[in-house]
Amino acid sequence: MPRPSGRMPDQMRAVSLERGVAKHAEGSCLVRFGDTHVLCTASLEERVPPWLRNAGRGWVTAEYGMLPRATGERMRREASAGKQGGRTLEIQRLIGRSMRAVVDLEALGERQITVDCDVIQADGGTRTAAITGGWVALHDCLDWMHSRQMASKTRVLKDHVAAVSCGIFKGEAVADLDYDEDSAAETDANFVMTGSGGIVEVQGTAEGEPFSRAQFDALFGLAEKAIADLVDLQKQAIGG
Amino acid sequence: MPRPSGRMPDQMRAVSLERGVAKHAEGSCLVRFGDTHVLCTASLEERVPPWLRNAGRGWVTAEYGMLPRATGERMRREASAGKQGGRTLEIQRLIGRSMRAVVDLEALGERQITVDCDVIQADGGTRTAAITGGWVALHDCLDWMHSRQMASKTRVLKDHVAAVSCGIFKGEAVADLDYDEDSAAETDANFVMTGSGGIVEVQGTAEGEPFSRAQFDALFGLAEKAIADLVDLQKQAIGG
Amino acid sequence: MPRPSGRMPDQMRAVSLERGVAKHAEGSCLVRFGDTHVLCTASLEERVPPWLRNAGRGWVTAEYGMLPRATGERMRREASAGKQGGRTLEIQRLIGRSMRAVVDLEALGERQITVDCDVIQADGGTRTAAITGGWVALHDCLDWMHSRQMASKTRVLKDHVAAVSCGIFKGEAVADLDYDEDSAAETDANFVMTGSGGIVEVQGTAEGEPFSRAQFDALFGLAEKAIADLVDLQKQAIGG
Amino acid sequence: MPRPSGRMPDQMRAVSLERGVAKHAEGSCLVRFGDTHVLCTASLEERVPPWLRNAGRGWVTAEYGMLPRATGERMRREASAGKQGGRTLEIQRLIGRSMRAVVDLEALGERQITVDCDVIQADGGTRTAAITGGWVALHDCLDWMHSRQMASKTRVLKDHVAAVSCGIFKGEAVADLDYDEDSAAETDANFVMTGSGGIVEVQGTAEGEPFSRAQFDALFGLAEKAIADLVDLQKQAIGG
Amino acid sequence: MPRPSGRMPDQMRAVSLERGVAKHAEGSCLVRFGDTHVLCTASLEERVPPWLRNAGRGWVTAEYGMLPRATGERMRREASAGKQGGRTLEIQRLIGRSMRAVVDLEALGERQITVDCDVIQADGGTRTAAITGGWVALHDCLDWMHSRQMASKTRVLKDHVAAVSCGIFKGEAVADLDYDEDSAAETDANFVMTGSGGIVEVQGTAEGEPFSRAQFDALFGLAEKAIADLVDLQKQAIGG
Amino acid sequence: MPRPSGRMPDQMRAVSLERGVAKHAEGSCLVRFGDTHVLCTASLEERVPPWLRNAGRGWVTAEYGMLPRATGERMRREASAGKQGGRTLEIQRLIGRSMRAVVDLEALGERQITVDCDVIQADGGTRTAAITGGWVALHDCLDWMHSRQMASKTRVLKDHVAAVSCGIFKGEAVADLDYDEDSAAETDANFVMTGSGGIVEVQGTAEGEPFSRAQFDALFGLAEKAIADLVDLQKQAIGG
């Protein structure tokens, strides 16, 4: 049962992680999962949210957006609609939790890092690309702080984190769904894992018929392999 | 390692499903998972959302809310804040997907059923109680339609759907987290499954350290058992 | 000219005041005027609104809401609409003024009590039920404070307050309008009075033709009797 | 007990009704109750609200606003705050009901008249001035329609409507409160009545201590006299 | 090619500047450019915007609004629409910049003056009338402060500022467009200049075909003459 | 008086116009004015705004946004703030008017083209870059329609349009301000002109002291030369 892109079931799209793409940001990365392109920046601010004041630790948060014509049909600009939709809020909460899962907030000190993930072009899997590229931007922001002796990068950043979506497409478990697959998949699951293989977040949804535990296990296996590959790419990107 | 409530690891709280609690609604159910009480109503409207007009099928959607003092500390009323928070939007999207997973929208016809889930009192697990009780309200709404020969309940409602949260609390996998456990759990996962054991939605989140696949599998096992029990309670409640 | 419910002109619906219904709130009361059910909670906070800071006195405020399917037709959730309607704002301002009319704000100290009135089921007279039940929740909150020696209940709470709606239905003055009467009444008036018979608020509106002063006086007389009865029920409820 | 303005208890401020002050509006009136100045316009539109379509009758509605520096201290512009406050909504609902009480909506036909009342300068009693002047603007709009044979003014406009606020100031019942009296009054009541003496709306509020029925009756008496005088002024203004 | 009003190409409408029209404001002016009437008030507040705190200087800002029936067709009230439109924001930013161009903010001290410009009646050129009248209100506010020795008017207010719109109407350059001309003009330009002839703001827009530099120069010449006349009228108005 | 960048007074930054950068859009262009990078897309929709229905012509509109970290300090995301700021609305209105100045809306037919200009990186002059690049995206969208015989590109697109900002920096007139110059300039002016030298829009603002007409004329001269160069670059870019 061939995939629209001709990929093997466990084959990801071409992934690239381009650092230093934003002149002003402390860290930045343009991540590409095939035709899905997300610009990630990490911005340091010497303040924390009100509810964290004088708590002796910092915060990492994320925001997500999509350019209106990142998609096949133009979507209404959320700034013009006057609010962020439920999907946007859900995704940016996920990215924020994923980043915080590998950060030691005490070691960060009373500061906030905001990881902005803006989808320049969408072809499925924007949230998983955002997490994978967002980590690189976060890493570079901590590098920037490290070189200024503001914080110890190795103490603050405990591990890698990356993500992939897998799904059941025409009855078969496949990795890294593109838009054509995503819109036709029976089941869609996002996995967020660390460099050491720990699970940060799992979200599986039956788009049509409920799925079985065996199917879910198959998706899990694909994700473990794909995320290990993504972590390797992150390591290459940061020149490690 | 005893649970604060003294329950066994696989033991749910006392669950009750009280039907017909809302005079005006086509279907209603007050669901209690221990001290978590959610009032679910199903409202039938002879119209569909604009994007579904003349498509020959209906829609089931859900809304979720919490009374300001359902919680230990009073929370700001979302109507007064001027918008629904990200958590609310996320939960009501989950409930809606769960309901639709067991409904044949063509058989429903060009109508909309809205399942409103309002938390009267919160003690953890409000979204899973809402799904479990929401199904009963939905069932009774379809019963109401069936008795008026508007639709065939057996054709529209394909299966049961129920949900439970499980988590790792002090290192042990336990079922149906209450608030004390939820706020201290290392990992929290919500499972939504059908009466025939199909999986509709899985969401697992590491609150602190990442979790292992073995831990996740343990939670899965607890959920399968708990949801089977909840489906039995639904069957008793609808007098089946 | 018989009333739809068969009641006598001066006869109220069955009224009940059920205390302690909300586990977390300092005071709570589920009030029923027939099929109108309002859940009232009183929440204590150790802060005052910004404009009252360091003024040496406290504040009592109220918020009002309605579950979407409390009514015959489902109404849009105000949290989803993004704002509270004019009717909601008008009612919650009335409830707040009514509560403050019997509270000594200096004796309360620099604290705020919020009385939340949420209509679980509506059948006319929700605002008057809310005031009547809100007082019981407020009383119990002050009891809670009294027993912790935070304030003297007898000094803070100066009197009872209760409310009823009366109207001209098919030419006759009747007490405690239910929904069927309310929607057909020529004139509708709400009265808020204290236990000692003082008037806190009077609002009379001609729905169709203007009314005469004699008609208004007849409504006033019905209200005085009904509110005296409601105050007696409050006394019984608080174990007086 | 002298009033700050030196007026007798039953003496209104100087009232003027200046017609035709807005070049574009079908009807307009600048009403002055002493230093309270309200610009009222009546605007005709050949459409009705969606819920009235094809119902064979029209609608009269009102909107109320206040220029930011109409008051002693500058108030935030509601357009900039992003919403109308509860007080504004309450007042414009009252004005609208008052206008509709003297209009035959069937005779008006499927059209809408909007009465805009904008407070140019405030010194107490803005809502009662708005009703009194709004009626003149409405009358002139119907005159405009009458002269174009669009509707019969005498059939549409059934009566006059005017309003006054009365209150207990330093223990005495006085008519037409100005700002100094209004902010110190123990009790404040607004009365809306027709030319033939029918009551459209009564609103009495205890600002401090509850008031007695005898006090309320005294206010009622003052209002009847004052409104009769206002109706006479309306008659003079429209050249009757 | 005669103008609809019969005016000469360089002839302004009748302009009047009426001071002291708002009882409560520190400075006020009702400015009339023909049938365009704008009520301008200047309000002093002993506070500055958050971003200016402890900066040792003050701020002057402006807000602009239009009564709903200032125009030929009733426009929706921005307070009811829930936001100020782009045109309103653009105009009030222009008025604010114009006022600040002639104010020494250090000499003002840590205070804010808000110039509110509310269009009572519109017939073209509301923003230029607002600037011209707003200056008078600002002047009188500074006079008020001067007489109370709060600030030196001569040090704070460095110059006059006034504005006019010019345009190409039926091929000819004309000054002070009224509504009939404005809606038919090919090119519309607003000029803001000081008493000493300095330029504060220039905005030229081709409504239809692009315009030439020669045409723009012709408009500029008309504006210089008109603004000099407006400054003379300001001088007469302040009795200087 | 050297410019921070070392450029000559009439020297623009390096300008590039990269076409076809957005896979999904009918036309797209990434425009760079030095370190200012704006992604422009043109999106065709087969519908017109409600007020243009059945008018026999189309519409061209524009929207403008900025990624949060396009700037030196992170700016709040407008989607999260819940509204577009005054500056954003002002800029997108300017871009829209500029595009429409060179489009024959009748020849376009009943369709809408939306030109989205999103600032990826900001270093001054974002609105003028957006107009210059937006024209290329618009051109390519019309090319796309032309090749599908939906409209005649040569009839719809009447001319080029491009823009530049000029200003007085340290007393000297310079072209194409970058951020360092823009924040220190005494006067800032934006010019929008067509390929045939017609003026579409002129906006000059005194940031500090008012400017003279001679200074403004100097800016105008620089702009005419710069825009002619930009039009040449557009011609090269579209392969002319």
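Residue numbering begins at 1 within each chain, and the chains themselves are lettered A, B, C, D, E and F in the order written.
Throughout what follows, a contact is a pair of C-beta atoms (placed from the backbone, for glycine too) under 8 Å apart; a residue touches a chain by one contact, two chains touch by 3 or more.
Keep in mind it's a predicted model, so treat the numbers as computed, not measured.
Trainee: Would you mind checking which chain's C-alpha centre is most distant from the centre of subunit F?
Mentor: Computed centres place C farthest from subunit F.
Trainee: Kindly point out which of A-B, A-F or B-C repeats the C-D interface, defined as over half of the contact pairs being the same residue numbers.
Mentor: A-B
Trainee: Between subunit D and subunit E, what is the gap in Å from one C-alpha centre to the other?
Mentor: 33
Trainee: Which integer distance in Å separates the CA centroid of subunit A from that of subunit C?
Mentor: So the centroids are 51 Å from each other.
Trainee: Between subunit C and subunit F, what is the separation of their C-alpha centroids in Å?
Mentor: Using C-alpha averages as centres, the distance is 59 Å.
Trainee: Give me the residues of subunit F that touch two or more other chains.
Mentor: Touching at least two other chains: 82-83.
Trainee: For the protein chains shown, what form does their contact graph take: line, ring, star, complete or other?
Mentor: Topology of the interface graph: a ring, with each chain touching two neighbours.
Trainee: List, in order, the chains that make up the ring, beginning at subunit E and going on to subunit F.
Mentor: E, F, A, B, C, D
Trainee: Would you tell me which residues of subunit F are touching subunit E in their complex?
Mentor: Within the complex, subunit F touches subunit E at residues 83, 86, 89-90, 93, 97, 101, 189, 193-194, 196, 198-206, 209-213, 216, 220, 224.
Trainee: Write out the stretch or stretches of subunit A touching subunit F in their complex.
Mentor: 22-25, 28, 35, 39, 41, 43, 45, 63, 65, 67-72, 74, 77-84, 88, 114, 116, 118, 120-121, 123
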